[in-house]
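Scroll down for the structure; my scribbles are underneath it.
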């Protein structure tokens, strides 16, 4: 399975730091090698960190509502830079306002994220999901949903 | 370090101003003299300080929501609704996050996309892009004073535009709008930039226009011990006063423990007055209480419970105004209806509690004393580190971890302090980092925490902090372990 | 007068019982020994007293809604929803108004019409018409204890049926379920009929089954001075105790002034314990706090404000349980969703406040003293008028206006007392009628009221009472005149 | 116009007394001769009181939800007993639950009430309405709407 390095950060002009610190703690405790680039990070920041550390997954947070604008083209940019195999998760209060979760999820899945998490999610489930996805990926080539 | 807590000369101010007004094209429309004339013609009831003063005299607590959308017409419609249907007393304009980072090109994109999408794609009103005339349209469409609420480390252009538009209050400060809101803006820069904003207000005051300034009290909104937020509120108050600001509202974010909250507001008010006096400033002081600023539950009825408890506390604490949350808080920026609901629940509660004050018991007295003493420990050290200069002292104190805001994203913040709730839900220090609290006060803290540890039958630990962060959103104040058995402590 | 505060002999009880069980056909299905066996097999967590005891020990406040519809299946669905979605701790069954007046034929009509209309045409569950087996079906479909809540002057058959069905609590009393609920039922009759209900519970206790009894504290729910409601609560507690009741919950309806409310609950608890002790009863006592029982505003957000303020007060006062209102209160019997919303807002507030207690200030201490002293004035007189017999004394005291419940419909009530709020919203006496409050206490009352008169710049008058009756539904606690200008009283 | 005697009461098994006491006070203050039969009154109680006192209007309250059942046939019973000209008002929380006001109003108008009032109404408006209706009635024969 190789080493389990993941990139964690909050995208865009978003400064919400609390969830990020907690995700760091939980994924680290679960044995992941967490590279936390913190808040106010650009797509490039995430990608550079992933390339540098040869990470297997990028976990993007967006809490402040601009997630849709900020995340557009992320998957494409990953592919351009050779990260075409990387796992992309995203979570938080992804859009402005209160919307049907299924619509939001669909939107981000279509943008190329492999999994999408609502704000009330249990971070431990995400740990399990990631372990599962990494396992599968070890066997067959990861396929963007 | 070219930073000093000293009133800027006009020369210095106007020199930098040239540059500021060129940061974006709308800066060109700002004309201070014309703005003064405009503001002098505004009716009294649209002046923020005026309204706050009346409330203070009447012993009432005013209600202010948060609200802002991308487009002017929609923003006007939103604020009118909050005024008419919501019965708000004071209006906000929440600024979007790109503006807060001075990314005006991205704002432009957000405005365009919002027009296309037919709903706001920005989380606030991009005030700089819209410019002075549009902001005046907003003010003129309303019957209440308007304030800008944001989170902008460099708010110089923003401040120029809103005041020129007749908005008579500005939230923020060099510490409170940097450390919780930014990652790599130095304090030297943000404090200087906010000195500019304060000096601007000072100049307006000199020209006969009253403008209110409000440091952002709650900081990260997440388990901030009252002595940390009070220290920073007082520091920002002093920095503002030095630049000629006369009307100041100091803020505090609800902890949820009523004794601590009432004590914190009283301590803040009394201690700020002392410090202003000590340094010779004549300030018209008011207070603002923020309803719970941490994570909310998704269930709207539960959110109403939190909103109302915050309102009751605000009234009992005697705050001049309260900032309102909404039943949509956990999920997303509220619709105007949800926003009005939050205001109405708040108003009803305030009106029920109006005239009642928390009767001061020995317990609250002690809590006031403790908060003041802790705050003094920190302020003394800041002063000492700055050789008497609070601006310098602040920068150095943050560098040394003497000032330290829990969970803040800034790399200029030590991040060593860990807060945790005691058994009654009051927020205490678990780890002090380098915050210079005296031995005696540490013992008091510890004693309160030990009671919780004992009650929950687990050692004081980081898991408690995590549990506390999630607690309110999961329906309780204190994050007790799942198998927590009700003790007999409360038996009466 | 053949009434006495003396435990009924079994002979006397069983003789009357014959008659009672024949009042409606479903009476035939009641078999006490079988019922005892049934109840002994019920799990502990369905026993009302058991759940209250655990809460008392843990210092938590339990939440109970009101709810009842005409048909069995719909009623089960409703209660399940309140249990599962609403997270209620205790369940009610609110009984319809025809049953309360023993008009079982009209109930039958209501049941039929409800079946046709496909929604409940009755304002509660007609428990007598449905009978023991159906009531057991209700209990068995749930995981919580069930209590009957009604307003029935003659609840003998009703009580027989609910207890036989395993419902382990019954609300009511010979005074509290007559004077506010009836027009022409004599107190002699209602007290005797409730002695029957209490004796029934006493017999169950003797047979080893714990059953809780709860006098209805709020009475007319409308500006009842605490000393009046506490007096009646204590009297009904004593009458119940004499008949062998062991588990008693005494109640109080929120006034809205937190100091008065906290003081009233404490006074009630402490003074009841004294009186039980004095008369040699060993009672397991708990308390219930009713969220505001007067008129509500139609706006649901405002209703949430009131609900939450009541919840916070209940928790700070340390009540064992709280009875919940809903956002639909002003308009009609709530849907199950609205009912659950009320519970959830309440629970969230209680959980925030859990572990916090109102710190006792001198002001609250004084208020406790005043309430106890007023209560003692009345109770002494009642005792004197009955030559030491509280049952007789109660009847005579009502006849003389010594006991007098504001706004009550009963012709056995003098209706001379007029309550009004003081400047902080505490409920005081404007007119005493013949209620024997001492001179000194009258002076205290008067002094508080004079402050209001002065503040509102109008004499104490009946208009104030009307204004106060409407006040909460119009968004405030105190009914101030329209032109009321905020005074400088609260200036800090 | 003649004398202005009105009957006031709360119908059915309803014990809500507060609004009734206030209506009594307000109509009395406005100069009406108020015969208040109080709570828990039957249709017969209202009608008997009206006959005895030669009243011009009956004001029925129902707060507790059974209003619909309790008020059925009231107009007919008035006519049977010779009170075919009497003004009938009804007000309060007339049905069980929260319903559209216009539906509730229609239901009671159809039952023969001349005016129907929601719980949040201003009692002074009802005073004005009654004065107005009595005036009209003085001129032409009152017509059931």
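Order as written gives the chain letters A, B, C and D; numbering starts at 1 within each chain.
Just so we're on the same page, a contact is a pair of C-beta atoms (placed from the backbone, for glycine too) under 8 Å apart; a residue touches a chain by one contact, two chains touch by 3 or more.
Nothing here was measured: the structure is a model prediction, and the numbers come from that model.
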Worksheet item: Whole-Å distance, subunit B centre to subunit D centre, using C-alpha means?
Response: 55
Worksheet item: Where the CA atoms of subunit A average out and where those of subunit D average out, how many Å apart are those spots?
Response: 67
Discussion item. Need the CA-centroid distance for the pair subunit A / subunit B, whole Å please.
Written reply: 31
Item to complete: Give the residues of subunit B that touch two or more other chains, as numbers and ranges in rising order.
Response: none
Worksheet item: Quick one: do these chains touch in a line, a ring, a star, all-to-all (complete), or other?
Response: line
Discussion item. Taking the top-of-page definition of touch, could you list the pairs of chains it picks out?
Written reply: A-B, B-C, C-D
Discussion item. Can you tell me which positions in subunit C touch subunit B when the two form their complex?
Written reply: 54-60, 256-259, 269, 297, 299-309, 311-312, 316, 318, 340-349, 351-357, 359-364, 423-425, 472, 475-478, 485-492
Response to the item:
Interface with subunit B, subunit A side, in the complex: residues 12-15, 17-18, 20-22, 25, 38-40, 64-66, 68-69, 93, 95-99, 119-120
Worksheet item: Hey, which residues of subunit C end up touching subunit D in the complex?
Response: 97-98, 100-101, 103, 106, 109-110, 113, 119-123, 151, 180-184, 220, 222, 294-295, 298, 328, 330-335, 338, 407-409, 462, 466, 469, 473
